[in-house]
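One structure, pasted below without further comment.
Per-chain numbering from 1; labels A, B, C and D assigned in written order.
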Amino acid sequence: MIKVEKMKILQQKEIAGNIFELKLQGPLVNEISMPGQFVHIKVNTANDPLLRRPISISSYDKKQQSMTLIYRASGLGTRELTNQADELDVMGPLGSGFPVETVQGQTAVLIGGGIGVPPLYECSKQLKARGMNVVHVLGFESKETVFYESEFKELGPVYITTADGSYGTKGFVTDAVTAFNINADVFYACGPVPMLGAVEKQFDGIPGYISMEQRMGCGIGACLACVCSVNGPELYKKVCTDGPVFRKGELVYG
Amino acid sequence: MDKLNISLPGLELKNPIMPASGCFGFGREYSQFYDLSILGSIMIKATTAEQRLGNPVPRVAETSSGMLNAIGLQNPGLEKVLSTELSWLEQFDLPVIANVAGSMMEDYVLVAEKISKAKNVNALELNISCPNVKEGGIAFGTDPLTAKELTAKVKAVSEVPVYVKLSPNVSNISEMALAVEEGGADGLTMINTLVGMRLDHKTGKPVIANGTGGLSGPAIKPVALRMVYEVSQVTDLPIIAMGGISSAWDVIDFISAGASAAAVGTANFVNPFICKEIIEELPAILDELGVDHIHDLKGRSWNVGKVANTRA
Amino acid sequence: MDKLNISLPGLELKNPIMPASGCFGFGREYSQFYDLSILGSIMIKATTAEQRLGNPVPRVAETSSGMLNAIGLQNPGLEKVLSTELSWLEQFDLPVIANVAGSMMEDYVLVAEKISKAKNVNALELNISCPNVKEGGIAFGTDPLTAKELTAKVKAVSEVPVYVKLSPNVSNISEMALAVEEGGADGLTMINTLVGMRLDHKTGKPVIANGTGGLSGPAIKPVALRMVYEVSQVTDLPIIAMGGISSAWDVIDFISAGASAAAVGTANFVNPFICKEIIEELPAILDELGVDHIHDLKGRSWNVGKVANTRA
Amino acid sequence: MIKVEKMKILQQKEIAGNIFELKLQGPLVNEISMPGQFVHIKVNTANDPLLRRPISISSYDKKQQSMTLIYRASGLGTRELTNQADELDVMGPLGSGFPVETVQGQTAVLIGGGIGVPPLYECSKQLKARGMNVVHVLGFESKETVFYESEFKELGPVYITTADGSYGTKGFVTDAVTAFNINADVFYACGPVPMLGAVEKQFDGIPGYISMEQRMGCGIGACLACVCSVNGPELYKKVCTDGPVFRKGELVYG
């Protein structure tokens, strides 16, 4: 069930350049059903900024009733979010995430770009726990914005790329996939739309899951703000409820 | 004693609070949060004769205390709305106000005739003010003669009372109100969104794919309130008011300005429980204000300040 | 290289930034904070033929991301403005845009003729859009024919170029722009305030003594931006844009929408240094955007999104 | 000179029901020239609430570069102000305050209502320091909202009234003046407008100073929002620059 609750802020800290890790606690966590779901956050109590901000759940711990979000402070709302210290108005969990039904011994590649990286962390943890091998290809702008490298390393190999070459392989995640000849049985991807299209093409032969972004209003399927083009008779699906995770081949890039 | 019930053409409402069209879908999503039967009414998403896919994305953008939208009337079309959505809504004790849209007069007439026959549709809301579709919509909403004609045509076929939704993007909203009153409207709903725009700072391109969008939310409340204040003093038609309402006190303001009921749009996105909370908070506020019924507050702003001469 | 200088009818400006009329008095108060000579220009408070005392108080009210005002054109009258205020402003290297207001056409003509002769008045801004005076003002601003006639009459007597200030409270702002262009206007300034209202929650009375007031500030920026975008594509007249500007990026937005220069109103009240800060920040922003001159950004939003059909 | 600066918040605490005492530090304090001046405060960094809020300077200490404000958290802005903890965007000092040229041995009565009480504190301190006797009549809603009784007592006698009679004399300040037959050579008053009018009438025979309130825009005399009716040829004066303190007889009540 979707909850709207004031969650306790356990901790908030900057873990890379403008990248914040935010730990929240509350009964909402009990409702999380799969990795890749997101929450919709009101960053303050005023009318400006007005709308909630969608942020993926990066990891969660049902025993502690806690979850971790990782976000980039870029615009008005996320910058305001960095100022919050006590509690936060959170709605969620929302959307349907990454399916982690797995085949023992197979390999999953998790491909993330920038602030698309966070939801892959819980996904990787759960795949690993269910007996898959996990490989990570994570793309960032530059050295300063790299985060969670060691966390992912505990689960499996990590290939980092940076757009400016200041760390890891220079270029995009797809360059690293080619350079290191990365193969897998299934892929999971989250990041900027052009990256998603390129990854889908690159892993043409295997099944995969793609987490999509779109500007949102309600976050629950009512306002029709967040549609994306899909193949098939509906033509449009809603990122907030039909997604954010879609099956490979569903999305029309353009 | 009941402090909130209200009687409007076609509508016997438990209370004057309802979600505004397009901000609550057909109720399904919000039914996860509370029992829709507590609502006064529900204004469902605009329905057109045929299915519409709406505009390209992005369809929304945030502004200071407001948001822009250009959804573009995406809806599954009349038949599906009747068979799937309205029938689903029958499970609730909830009179429905059906928002009717189209490109040409014939579209409105067609949809109005059919949808007004649905069991739980107690009134129509003629959307002559949608700023986000290329043909029709706003055109009907800014020309008094066209608005009057359309109202009359729809009245001729509708089996339930007809409310006309006014656009704020006009020089003289009272003139529009009087025109649709002459056309036979049973009530008014106001306001729809103000046409606005946001640009991406870096690229200079419009954030919304459609270019412009409709501005809603607290930012427009002062404009909505002024228009309700003005129109309620020149017509006897009941007004269902909307525009930035996000608290029970906002509702009190609109009733004080002359509205009979109030609809909540954008605020549902911020707080999905908002309609319920407002309904629950109103009785205590009425006690605080020392009135027995919310309608005792209707129009209490009139003649206090003078009506500023805002018209040509 | 100069990145900000701009040449408009009657105005050779160091930069396109100026305070908006009524939000900066005649400059005296803000001269405590910085040297007014750094400004592109200054739009002085509306001047009428005779002294005006303005409206009763309260004259302002806050709204979400905006404010309402109904000052009512309080000013010391033409003679005092000439002898005391404009002569005081001569100490600065600062072209003045004189905002001209009145109740009847003759008032405008009288003030325009005299004030246009002042040494440092380089242009007039015809205020045909003030929502806060009973006679005149808004009447001229919502009827195209009257607006055209008034413009022509003022043009006939003015010794400096005439900019006409458009009201946003109209169905079709392009029509108004084209009308005053036909009347001989040299430029446009837009937008004036939207008519709005706030009620006291408890009493239901209007907070502003005048009843309604003019809405300004960030809340109206989306509407202002849309109107500049629309008007700049149908007329060749240069536009000085205003409406919610409170940062250098806001200025970039308005230039991208098609304006030639930008005025800052309400934001002066929040941050008295705002005009200075914007002027100082712009060059670095232009570097970031990779352009040599701010005017390279003019109208870069056009034809990217389509012009939504917001007119009848 | 008027400054606009980020002042350090030394302390903020609730000293009575919804009444907050806020201690600020910064060079702005050096510019204060008389008691009864005010500052104009931006309560947060967002556009909502948009406008600054005028609050009187209750007391100041130039050596510490600190000043104390006392405000009631009532509306949107002042409630938001209670959340601020580190620094605050303050403009001031503004307006002209209470003249404290004094005559040794004479008696001044200081009459305050509710949130009109704060500026009288510095006024009283300075009058006392210059050799006047000071008497205070302070009116409040009810017992819970009474503040600074002991602070004023250190300077001179204090008569408290409450509207509901829950503390001190029941009624208004004027009732206490009558009841205790308070006489003085000069009066200083700040509070709701009806109180100001009544006080002016009551102390018809002696000179006095009245601090006025009005809704403000700019706070510096440019926007003409804050005018009040005065006797004399101007008809209107600006509370923000001509006031907030006016001489007895200047103001037209009505």
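Here is the rule we use: a residue touches a chain if its C-beta (ideal position, glycine included) is under 8 Å from a C-beta of that chain, and two chains touch if they have at least 3 such contacts.
All values reported here derive from a predicted model rather than from experimental measurement.
Engineer: Using the contact definition stated above, find the chains touching both chain B and chain C.
Structural biologist: Both-contact set = A, D.
Engineer: Could you compare the number of C-beta pairs in contact for C-D with that for B-D and name the larger?
Structural biologist: If we tally the C-beta pairs in contact for C-D and B-D, the bigger total goes to C-D.
Engineer: Quick check: how many Å separate the C-alpha centres of chain A and chain D?
Structural biologist: That gives a centre separation of 53 Å.
Engineer: Please compute the C-alpha centroid of chain A, do the same for chain B, then give the distance between them in whole Å.
Structural biologist: 36
Engineer: How many angstrom lie between the centres of chain B and chain D, each centre taken as the mean Cα position?
Structural biologist: The separation of the two C-alpha centroids amounts to 46 Å.
Engineer: Which residues of chain D are in contact with two or more other chains?
Structural biologist: 47-49
Engineer: Return the residues of chain B touching two or more other chains; collapse runs of consecutive numbers into ranges.
Structural biologist: 63-66, 217-219
Engineer: Please classify the inter-chain touch graph. Allowed labels: line, ring, star, complete, other.
Structural biologist: Its topology is that of a complete graph.
Engineer: In the complex formed with chain A, which residues of chain D make contact?
Structural biologist: Against chain A, the touching part of chain D is residues 44, 46-49, 80.
Engineer: So in the complex, the part of chain D that touches chain C is made up of which residues?
Structural biologist: 1-2, 4, 42, 47-52, 76-77, 91, 214-228, 235-236, 241
Engineer: Could you list, by residue number, the parts of chain C that touch chain D in their complex?
Structural biologist: 22-25, 28-30, 32-33, 45, 53-54, 57-67, 69, 71, 74, 217-219, 246, 266, 268-273
Engineer: Would you tell me which residues of chain B are touching chain C in their complex?
Structural biologist: These residues of chain B touch chain C: 63-66, 68, 70, 131-132, 134-135, 138-139, 142-143, 146, 169-172, 194-199, 201-202, 204-206, 208-212, 215, 217-223, 225-226, 229, 244, 249, 252-253, 256-257, 289, 297, 300-301, 304-312.
Engineer: For the complex, give me every residue of chain B touching chain D.
Structural biologist: 64-65, 218
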